[in-house]
Amino acid sequence: MKSWLMRLKSEQTQKVLWPVVALCLILLFNFFFTPGFFRITIKDGHLFGSLVDILNRGAPTLMLTLGMTLVYASGGVDLSVGSILAISGALAAYLIRPGYASGILEYPDPPTSIIIAVALPLLLSLVAGAWNGFLVAYLDIQPIIATLILMVAGRGIAQLITKGQIVIFIHKPFEFVGGGFLFGLPFPVVLTIIMIALTFFLTRKTALGMFIEAVGANPTASRFMGLKAQRIKLMLYIFSGFCSGLAGLMICSNIRGADANNAGLFLELDAIASVIIGGTINGGRFTLAGSVVGTLIIQSLTTTILTRGIAPEVTLVYKAIVIILVVLIQSENFRKLLTGYIRTAKTNGATVPAHAVKEVK
Amino acid sequence: MKLRLNQRNIPILATFAVFVLIYIVGSIMYRNFFSLRVLVNLLIDNAFVGVIAVGMTFVIISGGIDLSVGSLVAFTGVLTAKLVSVYHVHPLIVIALALAIGAALGFTMGNLIHHFSLPPFLVTLVGMFLMRGLSFQLSLSSIAIQKNPFLFSLTSIGIPLAKRLKLPLGTAIVFLIVVAIGIYVSHFTKFGRNVYAIGGNEQSAILMGLPVGKTKIMIYTLNSTLCALAGVVYTLYTLSGYPLACVGLELDVIAAVVIGGTLLTGGAGYIEGTLLGVLILGLIQTFITFQGTLSSWWTKIVIGILLFVFILLQTYITKTSSLSARKA
Amino acid sequence: METNHKIILEIRGLTKTFPGVKALSGVDFFLRAGEVHCLMGENGAGKSTLIKVLTGLYKKDGGKILYEGRPFELSSPVEAPLHGISTVYQEINLIPALSVAENIYLGRQPMKHGRIDWKAINQGARAALKKLDVNIDVTQPVSSYSVAIQQLVAIARALDISAKILILDEPTSSLDAQEVEQLFSLIRKLKAEGIAIIFVTHFLDQVYQISDRITVLRNGELVGEYKTAELPRVELVARMLGKQLEEFVSESGEHLSTKEEQTRKAFLQVRGLERKGVINAFDLDIREGEVLGLAGLLGSGRTEIARLLFGIDKAHAGKVLVDGKEIDVSSPRKAIDAKFAFCPEDRKTEGIIPDLTVRENIILALQGSKGIFNTLSKREQTEIVDKYIKALAIKTPNSEQSVKNLSGGNQQKVIVSRWLASNPRFLILDEPTRGIDVGAKAEIQKLVLELSHEEQMAILFISSELEEVIRCSDRVAVLRDRQKLAELVGDQIEEKQIMHTIAKKEVSE
Amino acid sequence: QCKEKHDKKIVVGFSQIGAESAWRAANTESIQKEAEKRKDCIELKFSDAQQKQENQIKAIRSFIAQGVDVIAFSPVVESGWEPVLKEAKDAGIPVILSDRAVDVSDDTLWVTFMGSDFVEEGRRTAQWLVDNYEKVKRADKTMDKVRIVELQGTVGSAPANDRFAGFREVLKDHPNFEIVKTQSADFTRAGGKQVMEAFLKAEGGDKIDVVYGHNDDSALGAIQAIEEAGLKPGKDIIIVSIDAVRGAFEAMIEGKLNATIECSPLLGPQLFDAVEDLALGKELPKRIVTEEGVFPAEVAKEVLPQRTY
């Protein structure tokens, strides 16, 4: 009990606390005002309902967020995640149906094996990530510009693969990646949970997380300690590339088609926003849990808007209002202001002198 | 202004060198590339980007970022077009109103960022959503401004340079003036220097007794006001308002600023560099239009390659020349 | 000296609490015009906090401040100069990328024709630094200078602001005798003009040289206010620590004898190492279990030697041999692979990782050499961290506190712990006791001797405090003008001899 | 092959919106292929604007600077072209509009407009629903009105606005149809799927009769969502959309899509015919209409092999 309380008080948990509160508020709103939002039924042995949708639709963004969190903590940013996602999906679709873009509608014989359809795109994503990492870590180019290069060119590459067509396909084994179910949950959700756990293990159960934070927060000091900042950064961008690649496979498999132009468009914004809402600092402490909650907040908001049928032209205004509230809740000053108001209202104008509120040991 | 030929000018000189280099290569490769018109077009076509980039330079030097710029340009455009065409308000009043709204948005964002210590990325992301959303509220489709003599004259006045070629007031000249003011503010005013101090080390700036909060609020107010001005420039450039205009503009602007040598981590950068950054991005596009045979995807890939080559050259020139400068 | 001047600042019952820490509780403090008032106390006693409350960086939780008889509370440091309070904070607070001159004038630039008068700024800065006897290119960025110079720039800025109260929080931690003397003569002048000065330091000599009154804090509580002349040193130390300081074990005579020294294995040999314009070619031998001290004045090149040996800067010529074999130390990583370690002098930019916890900061270097997967278990970590928290009396609520929330001296202790814990064969300590209180300083010195004499570690010890160098070193290399002049051994290691060596002009150049 | 002989090559500057969809890619390919065919008399300067009006304006101004003979472009949006078209006119360069019209006060700024009419496409889609009322209104659902959900295109974009308007224009005279939900699916499959998922949750699958997609891709996404909800698209819920891309035909063959309304991207031949005519000084009609059709599921099998996009 005591240690549990201690944990609740620790800085890390404090950081995640408020995003969790925000998420709960959004869900609570739906609980009361959106009928059926919390209904989960079982169809063909799968869970089915809005809450599952949030997880399922949020899965690709969660993947991106995962990579982005680490990159962001190391003092960088990766704008190219959306493009890598598109490349990976495009390549997978191309491998499954190579002639489609040039008008040949047949599938290759024998059909492309799932291993190839998954492995090659992921390999290419690793290469893309390595390219980013190389520019940032070894050529010392500012991360935003270094990854902008691939953000622009990457979409071109993806379109080059699909010739600008939306390559659609049917491939049962591959469709499982983005559309299958495992333990009643959509497979992307399961995959994401596995990846989160893996990342958590790799960063928090080894020294890696600490190294990332050190390299991000004080590169000079880290160099003096012999931390291999370049190699660590390279690895992070590769990891981010890999996560984007996986997300690309999920999306492509889920819609059974590769849309080189639109897949993952503007998703880097969502990913970065999730990371920041989650309390990760650019060059410093990161919280995986916070980032996950951040993405869930954004996805819940989207699902809520769609489910409630808010007119598309006002959607953005709603989004703006909710996000600013979510962000404000996290601000200590804002909460003080709020509780200050409440308190003044209660004590009828009599302000409590600051020193009266003493720390209780 | 005295040109200080020291270490700190090297990145700018390198950037300038690369600009000239690309321009020469283009002139050799393509007919009509080497002409006054192409240069003037660079100024005209990128005027609205440049005006924002000046404001964004201050934001980035202070260690912040502003994502709301593209939406604000669109909003200003729609507002101007709607008030002028539908409600027949005099353009001058509309422009004043647009600038005031821009300033108000920046002021609000600055206050949120400062008083509640919120991350600029999120606050301005909200600004981006909000202004885009409000543009949709004003109009879902694009609105043309037709037959408004005042606005038309604004677009046609300019300094004649050659036959059928002038430096128009509404775009290029506004751009150059804003750059000049930006240079002045950044080098010669306390506000300008405080911006550098905040970006260099905010904690130290506070302890040195600099007005950090006020400066931050002013930075965002300035940037959004310039953005609204850019919106007006854009409106003059197209004589219309379109709620979907300038999607993703923020990235172009940020890229221009960063290519100009400003550090995204704050504390270092020059408006002169930003001017070059804007022109270089414009030049890359001009290059591609003159090339004229690329498919849509190759266009993107080639932009990426040119960007890469350019940055590589810039880094290389900066490194070698600062090495030799140190040796000397 | 009689100081019956009127009280200009009166603090009563000042209280300030941070989560888990009571930094100040019910502290009284009186400052008179025309006096130098020393604020004394162990690391973490609350000195800097008191200053920061006064200048408006922190909001006080309780108590009263009267300034010239009127209640006084600032909401931000912006207002401090407006009320005639000028401050040098403990950590160097300058803008690294901006020029020296601009740093001195930021926020109060002279204007001409509606624009900043850069000429006046550069001239003014040169003049302000000249008063401190510093002649440097003021148009260069501050970050290109050593910590000591930066500290002087910060002082120059504070002195240049006309003020009624001048606050100096450990301004001399990186300076050596000459600069301190220069600073003191300026302080005396200001004092004569009736300015009240708050001065924080851990150097007792300086306290007795300059101050009129002393206020001692312990654990955030007031111990008392004393006239300097009436408080003997031992008493002062006892008041600060709350107990008598055990006599320091090693008397300065106990260096390894020349003979014993020569029988030891030469561990590190440096031959003709040089970096043009920074340090001339020098030779250096360090044996296992030996402490080699570096003595010299500010800018004499001590830090540069350390940086070269650790591969931070690249040497233009020369070689480094370990156990007789030449090794490559072209980067810190390689130096670390050769089992070197380097504790840098600039804790703010080269030392602490502000957001990480005390625990993480301490184990980082050790973990760094172990790699990512060979992770120290929680138990091992706690063991190491607790050992150092106890040995150096690091004042922190627990080992999970962010290191940025520690007092300056305690941060320094964390950094030193990090390197002591990293188990190197060769340890370079550059100003390890910067800003550390008397008690902990003795503790660190003891640890240094222990590590060398008992665990056979080779140590290069750099400090601007000559006394400390003498006390710890078995041998001292003397530097001047970026050149190694001489090596002193055995009985030669004493203050006069070293000063003499530094001052001696080369006869034949 | 050129239609006629010309003294010298005609330089044509074409500013394309981007490559935002398969439709657009086909449009580009048609133009580039045709230019290649006529390379004896045509030199094409192609520029991709990446969906940005400002880039299109830049491209056109650059064409003027390069001194091309004819400028053609697919405007990303109707308005905002007045200044740049005036410049082209001043420079004596004729302008051809393809795919979308522009909104300028002076219609001598452009020579001719060829391509589709988004409003008309919206109308035809609605008309198909009205014509197939019996099929659409299914007996097993007992609601008094045909309940339609709409997957809009990108908010504020011209095709979305027009297809939205055209559709309603027809349906307003048919009170037995009702649009119960409308959301933006951004013209994408992923968008269509996500939006449809939400619709199914909010309305319930049995209360939706028709899905109207502003383009095929969003409808194809919706089809998947419907299947995953355990319903049969094309039977339990009727699906109609616009564009007639290949994917739509494949879906129709499988019986999952009921009809697609064509909007032809193959403007290349028409465009260069017009260009050659211009060069020869021939008078061009102000409007060149493109042949377009409505494809119900029944014809899908025979049409599919002919689809190139």
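Which chain is which? They are A, B, C and D, in the order written, and residues in each are numbered from 1.
Here is the rule we go by: contacts are C-beta pairs under 8 Å (C-beta built on N, C-alpha and C of every residue); 3 or more make two chains touch, one makes a residue touch a chain.
None of these values were measured; they are calculated from a predicted model.
Any chain that touches chain C and also touches chain D is listed here: A, B. Looking at which of B-D and A-C shares more C-beta pairs in contact, the answer is the pair B-D. Inter-chain spacing, taken between the CA centroids of chain B and chain D, is 34 Å. Note on chain placement: the centre of chain B and the centre of chain C lie 45 Å apart, centres being C-alpha means.
Centre-to-centre separation of chain A and chain B, using mean CA positions: 30 Å. For chain C, no residue reaches two or more other chains under the stated contact definition.
The set of chain D residues that touch two or more partner chains comprises 18-19, 25, 28, 155-156.
Multi-chain contact residues, meaning those touching two or more other chains, occur in chain A at positions 159, 163-164, 313, 315. In summary, the structure contains touching chain pairs A-B, A-C, A-D, B-C, B-D. Residues 13, 16, 18-19, 25, 28, 32, 44-48, 50-55, 57-59, 61-63, 65-67, 77-84, 90-91, 103-105, 154-158, 161 of chain D are the ones touching chain B in the complex.
Here chain B touches chain A in the complex through residues 67, 112, 115-119, 121-123, 125-127, 129-130, 132-134, 136-137, 140, 251, 254-255, 258-259, 263-265, 296-305, 307-308, 311-312, 315, going by the rule given at the top.
By the touch criterion stated above, chain C contacts chain A in their complex at residues 15, 17, 19-20, 22, 59-63, 310, 312, 332-333, 335-337, 342, 344, 349-356, 360, 364-365, 367-373, 375-376, 400, 402, 418.
Interface of chain B with chain D (complex): residues 30-32, 35, 37-38, 41, 44-45, 48, 81, 135-136, 140-144, 146-147, 155, 164, 234, 236-249, 282, 285-286, 288-290, 292-297, 299-300.
The touching residues of chain A, when paired with chain D in their complex, are 36-37, 43-44, 48-50, 53, 57, 103, 105, 159, 163-166, 168, 179, 251, 254-257, 259, 261-263, 302-303, 306-309, 311-313, 315.
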